[in-house]
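Take a look at the structures below.
Consider the two complexes below, in which chain A is the common component and chain B and chain C are the respective partners.
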Partner chain A sequence: MVLLPFRIKVKNAETGATVEMELEQNNTVDEVIESAATFWNKEMGTYVVRKGKKVLRGTQALSDAGVREDDMLELVPDPEGG
Partner chain B sequence: MEEIIRPAEVDVDRFDRPRRVGWLDLDAVFRAKLLMVGAGALGNEVGKNLVLSGFRDITIVDMDRVAMSNLSRCMFFEKGDAEGSILKAEALRDGMNSLADKGAVKAVACSIEECSTDLFEKSTAVLGCLDNIIARMYTNAQSYHAGKPYIDGGMEGFAGRVMIVRPPGGACLQCGMNRSHAKMANLRFSCTGSETTLYEPRLASEITTTSLLASVMVREIIKHVSGRNDLMLSNAFFYDGRTNRAEEFEVPLNPECPVHLQ
Partner chain C sequence: MRPVTRPRIVGETKRPVLELRPPSATRPHEWLSEDAERRYNEICTTGRVFDIYFSSVAENKIREQAAGAAPMRHEVMGLLLGEVRIWKSEIYTVVRGVSTTDLRSSSANVKFDPEALPRLFIDLDSARFDYVVVGWYHSHPGHTCFMSRTDLNTQRSIFTQPYHFALVIDPINMEIEAFKTRGNGYVSVPFAIVDGATLRTRRLKAADSPAERQIDATT
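Up next is the complex of A and B:
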């Protein structure tokens, strides 16, 4: 079975900006984080992606994480300072 | 014989006001043994809240020394501490003891990885006020395996996060980590030939976010020792100080997380 690419929106929690991202079902959450952080020229740091109230696991494929066409994910800083 | 009361008598009791919070178990607070890892900005604020709340038995672990740049965020550090390069754990211990009702704050000046795991076993709960992922992962894992609740705070600029870990069930701190955390952890220990250099990023930090996160952390510990886990945050609390918005997220347990595989 051929899985077609699909599009989602990713929101930058720090600025409110959004970007559309074209993905395949086997892309991972880690890849979404890296692509979004690179697009927004984020400094190297720690981030999570959430869908609704749920933080998505980095290694999960988007299909396993329940990410579907037109979903909105949010890139949130996970600060490490103390 | 009838009990005699006098005007303003209630003001003699240092803890009269918290005693008025119905669900708060002050005796449990007095008895609790806390392990606090990290004595930086967050550690100072958490420490202040702990001793004013009535916690008496607290062990602070930190290996660093006070620097001048700490003074804008650390109420217990003074210029002389920075000039004398005093150990943070000891400066914080002295400050907390001076503020405490019955001071029994102890300082251990080493990294948490060098400490005996007995510290975890003997604690009622563990507070993470750390500034790096490696120490967080270690503290999270040791707390989890000792079956002790772990409350971890992290911040940068106006962004903050508090994670609540309550073994034996539910997700731990590491369950919520991904490749961006692994990269930052690796960056800390970058090997160049035979040498390992420690990379310490200088992160943006300011006191109001620190103060708010410390309040959340100590409030959660008070709930736990008071037996009110039902009131506790279930998982992760994210805070954006620029908009003053806070939200609770769910971090699901990761069955591949090394902490849960052991």
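Up next is the complex of A and C:
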């Protein structure tokens, strides 16, 4: 089966900037976070990615996570205080 | 089987920075130290722009949350939602709201409870404006206001833009202070409290400014 590439948007909550990303259904959530984090010079582990009110977990494939063409994901900071 | 291609970024849209005159009706926070209050007055007298304008509504929520957990000496934490604005080449931040959820906290550590993240997201979606997470807040119940090593790690790894800041509140000693990183350390940053309603983005008068400007606030 041929899986066609599709596009989504990923918003950086801390700047309001948005990237358009081309990917495949087999890509994982971690790969999305890694791509966005690398583009914005961020550390991967300090963020969570959400689709609406749902947290997308790292190793999930996008197809399993329910991510579809034109979806908007958001990279949200996950701080720790001490 | 064909190898999976890694995601490819095909374009970025930056958020425009609003060019807006900062609010003029401000007041100092009642928990400021003498030194911080002196700096507040100095900025007001010279007509300079504060780094941060804080909605009284948002500040109240933080204070109530911190006070609620103070008897257990538990820290509280949340995200500061606002906008980045510019006036006469000076970038400043307005905080219009806060978002939080259930926490995993002790007297010396705090994080969002991973199971409660959906509630944080619902809270974010209930913001009535197109927010930017301009910083974060947390409490040091009884420990005074400063940036611990953990706090600095968070600030350096997440809140790296020039407008980002950390608000620390001590509800027991009744202290509050805003910080930004500088070099290997951090500095205290003056801020002003504003009636929430006056922080809303409004249509500019012709004399105010040409309108929104596409400015890269990240540089």
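Following the convention adopted for this analysis, the second predicted complex is superposed on the first by the 78 of 82 C-alpha atoms of A that agree within 3 Å, B and C clash if a C-alpha of one lies under 4 Å from a C-alpha of the other, contacts with A are read in each partner's own complex, and residues count from 1 in each chain.
The rule we apply is simple: a residue touches a chain if its C-beta (ideal position, glycine included) is under 8 Å from a C-beta of that chain, and two chains touch if they have at least 3 such contacts.
Worth saying up front: this structure is predicted, and the values here are computed from it rather than measured.
Overlap between chain B and chain C is detected when the two structures are superposed via chain A. Of the two partner chains, chain B and chain C are each touched by A:K53.
Of the two partner chains, chain C is the only one touched by A:V19; chain B is not. When both complexes are overlaid on chain A, the residue A:D30 reaches chain B alone and has no touch with chain C. When chain B and chain C are set side by side, the one touching more residues of chain A is C. When the two complexes are overlaid on their common chain A, residue A:R7 makes contact with chain C while staying clear of chain B. In the superposition on chain A, contact of A:V76 is made with both chain B and chain C. Overlaying the two complexes on chain A leaves one chain B stretch of 7-15, 97-105, 187-195 or 205-213 clashing with chain C, which is 205-213. Once the two complexes are overlaid on chain A, the chain A residues touched by chain B in the first and by chain C in the second are 13-14, 46-48, 50, 53-55, 76-82. By the touch rule above, chain C contacts chain A in their complex via residues 4-15, 75, 77, 79, 84, 108-112, 114, 117-118, 120-122, 124-125, 130-134, 136, 138, 148-151, 153-154, 157-161, 164, 217-218. Touching chain A in their complex are the following residues of chain B: 38, 40-43, 128-133, 136, 153-157, 159-161, 175-181, 183-184, 187, 203-205, 236, 238, 240, 247-252, 254, 256. Looking at the complex, you find that chain A touches chain B at residues 13-14, 29-30, 33-34, 37, 44-48, 50, 53-55, 57-59, 76-82.
Those residues of chain A whose C-beta lies close enough to touch chain C in the complex are 5, 7, 13-24, 26-27, 31-32, 35-36, 39, 41-43, 46-48, 50, 52-55, 74, 76-82.
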